[in-house]
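The same chain A turns up in both complexes below, where it pairs with chain B and then with chain C.
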Partner chain A sequence: MDTSQLLKTVSFIEMGARERAFALLDPGSGHELIGPFERMKSPWLEPQGIAAQADDGVVVAKGSIGGQPAVVLAIEGSFQGGSLGEVGGAKIAGSLELAAEDNRRGVPTRAVLLLETGGVRLQEANLGLAAIAEIHAAIADLRRHQPVVAVVAGTVGCFGGMSVAAALCSYLVVTREARVGLNGPQVIEQEAGIEEYDSRDRPFIWSLSGGEQRFRTGLADRYVEDDAAGIAATVRELFAQGVPAQHRDQRIGEFLDLLARVDTARQPDGAYARAAFGKGN
Partner chain B sequence: MGQATEDLSIRGRVWFEQLAQGGAPVAGLAESVLASDLRMGTREARIIAVVPDPGNPFPRAARGEFGLLEGWNVAKAVTDAVAADLNAPVKRALVAIVDIPSQAYGRREEAYGIHLALAASGGAYAAARMAGHPVVALIVGKAMSGGFLAHGYQANRIIALDDPGVVIHAMNRAAAARITLRSVADLEVLAAKVPPMAYDVRHFSTLGLLWRLIQVGDPQHPSAQDLALVRQTLLEALDDIERVPFRSRLEAPNRAASAAVRARLREEWQ
Partner chain C sequence: MEKLQFSFPAGPPAQGRVLAGVVGSGDLEVLVEPGQPGQTRVAVNTSVDGCAWLWQAVLERTFTDPGAAALAVEINDFGATPGVVGMRIHQALSELNLAGKA
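Right after this comes the complex of A and B.
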C-alpha cells in the first residue's frame, strides 16, 4: 500500500469493541442490544473487589451486512483481558442462539465474532466455561444455516475456549498483530517450563501463533491489513462465499494424516510447522 | 509444574472398561482414545474415554491430557458413529466418560493447532446431538477446562459422581492463583463464597449444569452395585433425553444472569 492509501486507512486495531462492531455493519443500519445504559453487569466481580463494567466487556450490535440481517459480537480486550464471564458470555451465546432461531423461521441472520480474549474469566470460572460451551453449541447450530465469521485483529489475541470458538467458525480472519492459540504463553511456560515455551520471547510466540503463521499453516482463511474498510469488505466477501461444504474442524482425515507425518520427537519452530501444515507457501 | 507430581488417574479407564464390558471395541483410534459399541437397554451406544498413554507420541499429552491426537480421534469416533447411523431410524447413544486432568500445554500443541483439534471433537459431539444422537457425559474424575469443552460439555445431559475426586473447573488451582495474582489460600477463600469459582462438584451442582449427581461406594474401583447404579442412571438419562431432548441449564438461581441476559436480548432483538 502506498503512502496516500496509508493516510486514508483507518486502523481497526486502534478501535474499541463498539466502534469495531459498527464499522462492520452497513452504515446507519446498526443498533446496540443490552447497551451499557442497561447496566447488565457481572454479579460476581464486585463481591471480589473488582470493578465491574456496564457492558461486561461485550458489545452486541445488530443491523445488516451487505443488506442482509447480521449481528456483530465484539469482545472488549481492554476490560479484564477480554475474559468472558457469565453476562458477556450469555450476550454472545444468546445472540447466536437467536440468530439460529431466526434462520429456522426464514430470517437469514448472520453473525460475526470479534475476538480479543484470554478465554474464561477466572473470577467467574465455571460460569465462563459453561457460557463458552454454549457459544460452541450455538456456532455449531448457526453455521448449518449461515457462515459464521470470526475476526481476530489484535492486540489481545484469542485464547482458551474462545480459540476453540474461533476454530468452529466458518471463516477466520487474522491480521499480523493477531495471535490465536489454546493456551496463553504464560500458562504454557508455567505448566511445561521455559524450554518448552518462553513467554517473554515475542518473536517466538508470533512465529507459532501469530496471524501470518496461522494463515500460512492453513488454520486461518484470510490474512488482512489493519484497515477497517478492508476488514469490512473481507467479511462481506466471506459471507458471499456461503457456508463451506466442510468446515475446517470436520476435515478429520486430513488433519490426522498431517499429524501422522510430523516428527513428534522434534520441538517445532514456525518454519517446520509451515512445512508440515502449509501448502508449500 | 502442576500435575507432574500427581499419579496418573485410573478412573477413566476403569469406568470405561467396566461399562464397555461385552462391547465391540472400535479399532483405528489413538492409544489414548478408547471407544466401544454396545447395547444399553433398548439402544445401541458408543462409549468413549480419553485415558493416559505413557507412549503418546506427543509427550505433553502422555498423562491423560486432552491434546491433538485426542481431539481428532474423539472427533473420528463420534463422526464415524454419526455416519454409520445416517439412515438408521434410531441413532445410537454416545456416552463420554470424562476424566481429564487438563488440556495439553506444549509447543507442539500450539504449533499444530490444538485449538482446532478441540473444536473438532466438541463440534463432532454437537453435530451428533443435533443429528438426533442422545449424548451423555459421565464425569468420574477431573473435567478440566478445554478438555471438558471438547469431551463432555456438548452432551444433552451431564452426570457426575458425587466424590471429592471429581473436579470441574476452568484452570487448576495453582495456575489460576498465579494468573489472577492471588495466593492459593486466597483463592480457596474466594472459592468458598463465590459458587462459580469452587472446585468441588457439590458447589458445581448449584450452577444448574448437572442433570444428576450420583453417589457410588468406590469411584476408583467400582463395585457391582456402583456399576448397576451408574448403568441405571445412564439408561434414565437416555429415556429423559427421548422425552425432552434439550433441557434448560439456565434455571438455577446461580445462573440467574445467564437467563436474564437471554430474556432481554429476545425483547430487543427485532
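Right after this comes the complex of A and C.
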C-alpha cells in the first residue's frame, strides 16, 4: 500500500451526513435547506422516549456538481440507524419532486442520494413506509430527466425499502464497507436459521451482500475506494454519462432468467453468487 | 425522556450559530444560537431520566464566565456520558470562537 497516498486520502466513510453532502457539491456552491436550526424534528420520537435530532437525520444540500444544479440528500446513519420517518422521508421525497419540477421548467437539477439506512423507522411505522414509497415514485419521475446517483459508502449500509430506492437509481456507487440488501443479516438469520445464515459471520455476510460482491454480481455500477475526492469524481463522471438507456429495474427479464437458474438446494456462498449472477470473477 | 432547563449569567448575545455532534448512541447534538442579553439558556432533551443534577454539574463547569457571549443552547442527548457532553459543548463553543462570533 502506498502510505503517502493513504495519508493524503480523506475518508468519506468517517464523515457525517452533512460533511458528505458538501464534499460532493462544487466547493462553495452549497447551502443547506430545512437545516437543523429550522428544527423540523420528528414529532413521534419524544412521546416514545427517544431523543429527536434537529434535522431528523436527513441533510438536504443544494448547489452544483460539475457546474450543473444539483441537490444532495444525505442520511445520517448514526441517528436511529439512518431510519426514515415522516419528516426525513418527506425531506428526501420533496427534494426529488422539486428537482423533477425544476427539469420540467428547464432547470436541469440532478440528485445524489447518500444512503446509510436500515430502511423505515419502526417507531413511525406507516408514515415512514408511505414516505419511502413517495421517494421511490420521485426517483422514477426524476430519472426520466436526469440521472439519479446513489452512493452507499458504509458503515451502516442500505436495507429495507431504501434498498429498493438504491436499486431504482440510475447508478449505484459502493465501497468495500458498504452492504446492500432488502433484509439485514439478523432478520435473515431469524427467518432462515443460523445454520444457513449466521449474522455474526462478518466475512460471510460481506461475501454475499457487501459492496464488492454487489458490484461483481452486476447490482452496483461502481466499486470505489473510501476517498472523498474520488467519490465526488465518480459522481461527476456518472452524471456526465447521462440517463442510462435502460434502468436496472427495466431489465427485470434478465434478472428473472438468472434467478430461475439458481440452485436453491445448495448453500449459497459468494463464489456461487458471482458465478450465477455475475461477471464470473 | 426528560426536558430540562438551565440558565447562567452571561454578557451580550453571540453573533453566530453552530451545530456539533449527532444524536447517536452515547452521543449528543448541541445547537448553539445567540441568546438574550445577560443570560445563557440551556435546554436539554435527554432520553435518560433522573440525571438533572449531573447536567447541572457539567454545565456549571462550562458556563463559568458571566462576561461570555449569551447563548441559546439546545442539547439533544442519547445517553452521552458527562465526558462526551463536555467535549461536544466545547467543540461547539470553539467552532463559534473560530468563526469569530462568540
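One rule holds for everything that comes next: the second predicted complex is superposed on the first by the 280 of 281 C-alpha atoms of A that agree within 3 Å, B and C clash if a C-alpha of one lies under 4 Å from a C-alpha of the other, contacts with A are read in each partner's own complex, and residues count from 1 in each chain.
Assume contacts are C-beta pairs under 8 Å (C-beta built on N, C-alpha and C of every residue); 3 or more make two chains touch, one makes a residue touch a chain.
All values derive from a computational prediction rather than experimental measurement.
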item	value
Which of chain B and chain C A:E76 touches, first, second, both or neither	second
Partner chain(s) touched by A:Q53 [first = chain B, second = chain C, both, neither]	second
Touched partner set for A:M15, first chain B, second chain C, both or neither	neither
Which of chain B and chain C A:K91 touches, first, second, both or neither	first
Per-residue contact with chain A, leading partner among chain C and chain B	B
First (chain B), second (chain C), both or neither touched by A:P36	second
Partner chain in contact with A:V243 - chain B first, chain C second, else both or neither	neither
Doubly contacted residues of chain A, that is, touched by chain B and again by chain C	47
Complex contact set, residues of chain A against chain B	33-34, 38, 40, 42-44, 47-48, 60, 62, 86-87, 89-91, 94-95, 97-98, 119-120, 122-133, 136-137, 140-141, 144, 160-161, 163-168, 180-183, 186-188, 190-193, 196-197, 208-209, 217, 219, 247-250, 252, 255-256, 258-259, 262, 264, 267-268, 270, 272-273, 276-277
Residues of chain A defined as touching chain C within the complex	16, 36-37, 46-47, 49-54, 57, 76, 78-80
Residue numbers on chain C that touch chain A, as the complex places them	1, 17, 19, 22-25, 27, 29, 31, 33, 45-47, 74, 76-78
Residue ranges of chain B in contact with chain A within the complex	1-2, 57-60, 68-69, 72-73, 75-76, 79, 102-103, 105-120, 122-124, 126-127, 130, 145-146, 148-150, 153-154, 168-171, 175-176, 178-180, 190, 193-194, 196-198, 204, 207, 209, 249, 254-258, 260-262, 264-266, 268-269
